[in-house]
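Structures for review follow.
Both complexes below contain subunit A, partnered by subunit B and then by subunit C.
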Partner chain A sequence: MTLILKNVTLNVGVNTHIYPSDLELRDTGFNILLGTTLAGKTTLMQIMAGLIKPTTGEIWFGGRNVTGTSVQKRNVSMVHQQFINYPNMNVFENIASPLRVIGMSKAEVTRQVESIAEILKMTPMLGRKPAELSGGQQQRTALARALVKRADLVLLDEPLANLDFKLREELREELPKMFENRGCCVVYATTEPMEALLLGGHTACLNEGRITQFGRTGKIYREPENLKTAQVFSDPPINTAPVTKQDNRIILNDKVNWILDKDLHKMADGPYILGIRPHHILPFETDGKSAQIDGKILVTELSGSESTIHFNMDGLSWVSQASGIHAFDRETINSFYIQTDKCLYFDNNEQLVRA
Partner chain B sequence: MQRFKWLVPTLYIIFLMLPIYWLLNMSFKTTNEILGTFSLWPREFTLENYRTIFTDSTWYNGYFNSITYVVLNTVISVTVALPAAYAFSRYRFLGDKHLFFWLLTNRMAPPAVFALPFFQLYSAVGLFDTPLAVALAHALFNIPLAVWILEGFMSGIPRELDDTAYVDGYSFPRFFFKIFIPTIASGIGVTAFFTFMFSWVELLLAKTLTSVAAKPIAATMTKTASTSGYELGLLAAAGVLTIIPGAIVIYFVRNYIAKGFAMGRV
Partner chain C sequence: MAAKIKNQKAWFFVMPVVLLVAFNAVIPLMTVVNYSVQETFGNNLFFWQGIGWFEQVLNSERFQSSLGRQIVFTSIILAIEIPLGIAIALAMPRKGVGVSVCLVLMALPLLIPWNVVGSMWNIFALPEIGLLGKALNSLGFDYNFTRQPLSAWFTVILMDVWHWTSLVVLLAYAGLCSIPDAYYQAARIDGASRWAIFRFIQLPKMKRVLTIAVLLRFMDSFMIYTEPFVLTGGGPGNTTTFLSIDLVKTALGQFDLGPAAAMSLIYFLIVLLVSWVFYTLMMKDEVE
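What follows is the complex of A and B.
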């Protein structure tokens, strides 16, 4: 079923928490809400669930207007970032609780809980209390409760954020399989661009209570419509700088300029904002088109097979990310190469300039 | 140094236990022995003092009355404080912080201040000399305390637990009784303990608001000083029996109280 938000806003007192938002979330693949903390992901999910009533706007689900319908009547399930289970019940009762509320027969409850526990590898833990489980097992219990209900709308609010790296990888792989072919609309909130790319589907970028862009995850990543989306959907953050277009060249500063791609020649002359992702600035020369810049090294982070180099160039703090180990001494001047065919240009309204 | 590390705790425990031991010691002596000689243990061991208390209805009724109003007060305080504390921990409303502070200020006034208004009011409405009168008077002090302790425990429970329950289909009452109350059971235990203790040891209001029918044990104990002199053995036995209910309650909530201290509210 499809979830549609029509011009939804939320004001609390004089503060606006959600600016007018339109979204159409389908039941195929994951729908990802991507944004930094305090972007409004959780609030938007609470509105979708029916826990918070929007100030204005309508919510349609499966062709029905559910704006005023209480959360209990909506057949929703939700998993939070914190591991939320009922501490007074054991794992079996935790998973069974949504089934008990609708008055399902005992034999059927047992059958369903056991089959879900089997899928999530929780069978040996069914008799334990949540406090006796590890973080990963607690979150599996919460996921099992969300799965067993066969909800039409499943809201996953950063479900992996509090897990350690290994468990996160493991569950991230399992998650899409769990919800496959269930015909439910899955919404997944995350702060990590990498996670959004790995889960695929559609992504809505959120920034300070505004949806900056919604579309296929890969497309949004490659062609962000505006600067905010590019900033949210880039880790480490995208590098930006004011540039000027003159004739068919882009001028970064007195020393550095390059020829624009042919399809962008029609851009009007004047000031623009350049956006270039860290992995498109490399500390070594490659084939392709590139422009050389000089930067003063601030710090180099080596993470196994990748180097993240923070450097300073004419007062701009930029980041370069390259595979391989590139260790530079602090305060030394080094050459970096911008892959000019990968540059994004934004106009004064922070909108992407297209061909 | 190592060899004497037991010394300080031992002295401390002796210091703490001595008055209780002396009370126990006296309760098994006759009044003559107490007044006549100095003895570390009863020379003429007697259970006569206890027998008097358990057979004389003016004595055991005192205990019965005290326990009645203390239990009544504990039940009233916790029942009233639960929804109030939930509101303070979960909702923001106009003046919520001021109201919370005002509740606490009730505890800053000495109980004696309220003795006269309560006495006059209860006499007028016919509540005077009933266990309910004392229970309600103590509720004035205990409800704010209970709200304050429970609010601390409830604020320690993430709001997402409420949301999860609603999403699972629980209605508010069902969530509150089936999930929320069991979750804060230790908080309720601690709250019950503190309200019980306050009501059990409070004397002035309990004495002022009763005469014969609902006379608390502490008031009964004053009759040992009669025209025939002091009955110290009897008084000591009554004292021992007064300590016991508190000790029993402490035994049951001892683990919860530690938890309550850890949560920073007790």
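What follows is the complex of A and C.
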């Protein structure tokens, strides 16, 4: 079933929590809400669930207007960032609780709970209380409760945020499989661009209560319509700098300028904002078109196979990310190469300039 | 390897605590134990008595009846104050100015000295001039707490409920406030009823503070002295003579040091034992 938000807003007192938002979430693949903390992801989910009534606007689900329908009547399930389970019920009773509410027969409840527990590898823990489980197992129990209900709308609010790295990787791989072919609309909130890319599907970028862009995850990563989306959907953050377009050239500063790609020649002359992702600035020269800039090294972070180099360029703090180990001493001046064909240009209204 | 330095410094560091505990607990307790097994006639003359006093106290009708009264009183207090405290805590607002107003109102009775509470209720309940006494009498009830046992019990219980329910309310409220919003949301999504939310979320999450509340109210009400002493003086007759009042009468009124000491020890062991049973029962399924 498709979930449609039509011009939904939420005001609390004089504060606007959600600015007019339109969304159309489908039941194929994940729908991801991507945004930093306080961007409004949880609030938007609570509106979708029916826990909060929007100030204006309508919510349509499966062709029905459900704006005024209470959450109990919507067949929704939700998994929170904190591990929420009934503290004095064991795992079996916890998973069974939504089925008991709808008055399912005992034998059927047992069958359903056991099959879900099997999928989530919780069978040996069915007799335990939540406090006797590890964080990952507690969250699996909460996920099982959401799954067993066969809800039409499943809301996952940063379900992996409180788990350790290894469990997160494991569950992230399993999650899309769990919801495959269930015909339900899945919404997944996250703060991590990497998680959004790995889960695929569609993504809505949120920033301070506004949906900045919605579309196929890969597409909005490659072609962010505006600067905010590019900033939200980039980790490490996208590098920006004011530039000027003159004739066929982009001028970064006195020393550095480059020729624009042919398809962007029609851009009007004047000031623009340059956006360039960290992995498109490299500390070494490559074959493609590139412009050389100088930067003063601030910090170099080396992970096993990747180097993240923070440097100062004309007073702006920029980041370069390259595979391989590139160690530089602090405070030294080094050359970096901008891949000019990968540059994004935004106009005064922070909108992407297209060919 | 460096040679081990041997000295007795550690004793010096633990000395303050040893002294504090000794003078605060061990020495007074041992004094009572000392009195409980001897007979004295003053002038530092002591005669060995063995367990004679304990036998006498346990077999005395007077002790048995004050223990009986005490158990009935404490049971009634717990049966009223715990559910009432939880109910008030559930009804209190969670946000807004109402919170501070309610908390201050709730804390007020707890701030009043115990003998003042007794005096206040004494005047409040006087059948001729007191607001409560006069009102009850003009409503047609035959109410006089200095003459009728039932009126006296009613007044003592009402006074204790007024004085101490706030403590249960504050503890239960603190427990309720520590439950994250997400639990309530999850319950609403599950379609849980108001009763189910109370039974499966609020009650289990309040369990620890409620255990504390039950223990505190048990111990305090079992040892109640000042308020009934000021209000009724243990009367009419002996009908509101609880264990503490009886003990003070024995020790200071009659100066029977031996039986009073034996009674103190029995009293202390009852409180200790019942508290332990309560704690063990309520914490039975607790993990961690």
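Rule of thumb we're sticking to: the second predicted complex is superposed on the first by the 355 of 355 C-alpha atoms of A that agree within 3 Å, B and C clash if a C-alpha of one lies under 4 Å from a C-alpha of the other, contacts with A are read in each partner's own complex, and residues count from 1 in each chain.
Basically, a residue touches a chain if its C-beta (ideal position, glycine included) is under 8 Å from a C-beta of that chain, and two chains touch if they have at least 3 such contacts.
Bear in mind that the values here come from a model prediction, so they are computed numbers and not experimental data.
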Clash-or-fit label for the pair subunit B, subunit C on subunit A: clash
Partner chain in contact with A:Lys129 - subunit B first, subunit C second, else both or neither: second
Which of subunit B and subunit C A:Val76 touches, first, second, both or neither: both
Which of subunit B and subunit C A:Ser97 touches, first, second, both or neither: both
Partner chain(s) touched by A:Ile84 [first = subunit B, second = subunit C, both, neither]: both
Touched partner set for A:Leu252, first subunit B, second subunit C, both or neither: neither
Touching partner for A:Gln46 - first (subunit B), second (subunit C), both, neither: both
Which superposed partner A:Ile238 touches (first subunit B, second subunit C, both, neither): neither
Common interface positions of subunit A, toward subunit B and toward subunit C: 46, 49, 51, 71-72, 76-78, 80, 82, 84, 86-89, 97-98, 101-102, 145
Subunit A - residues contacting subunit C, complex: 46, 49, 51, 71-72, 76-78, 80-82, 84, 86-89, 97-98, 101-102, 129, 131-132, 145
Subunit A partner contacts - residues on subunit C that touch it in the complex: 180, 182-183, 185-186, 188-192, 200-201, 204-205, 285, 287-288
Residue ranges of subunit A in contact with subunit B within the complex: 46, 49, 51, 71-72, 76-78, 80, 82, 84, 86-89, 97-98, 101-102, 142, 145, 149
For the subunit B and subunit A complex, residues of the former touching the latter: 158, 160-161, 163-171, 174, 179, 182-183, 185
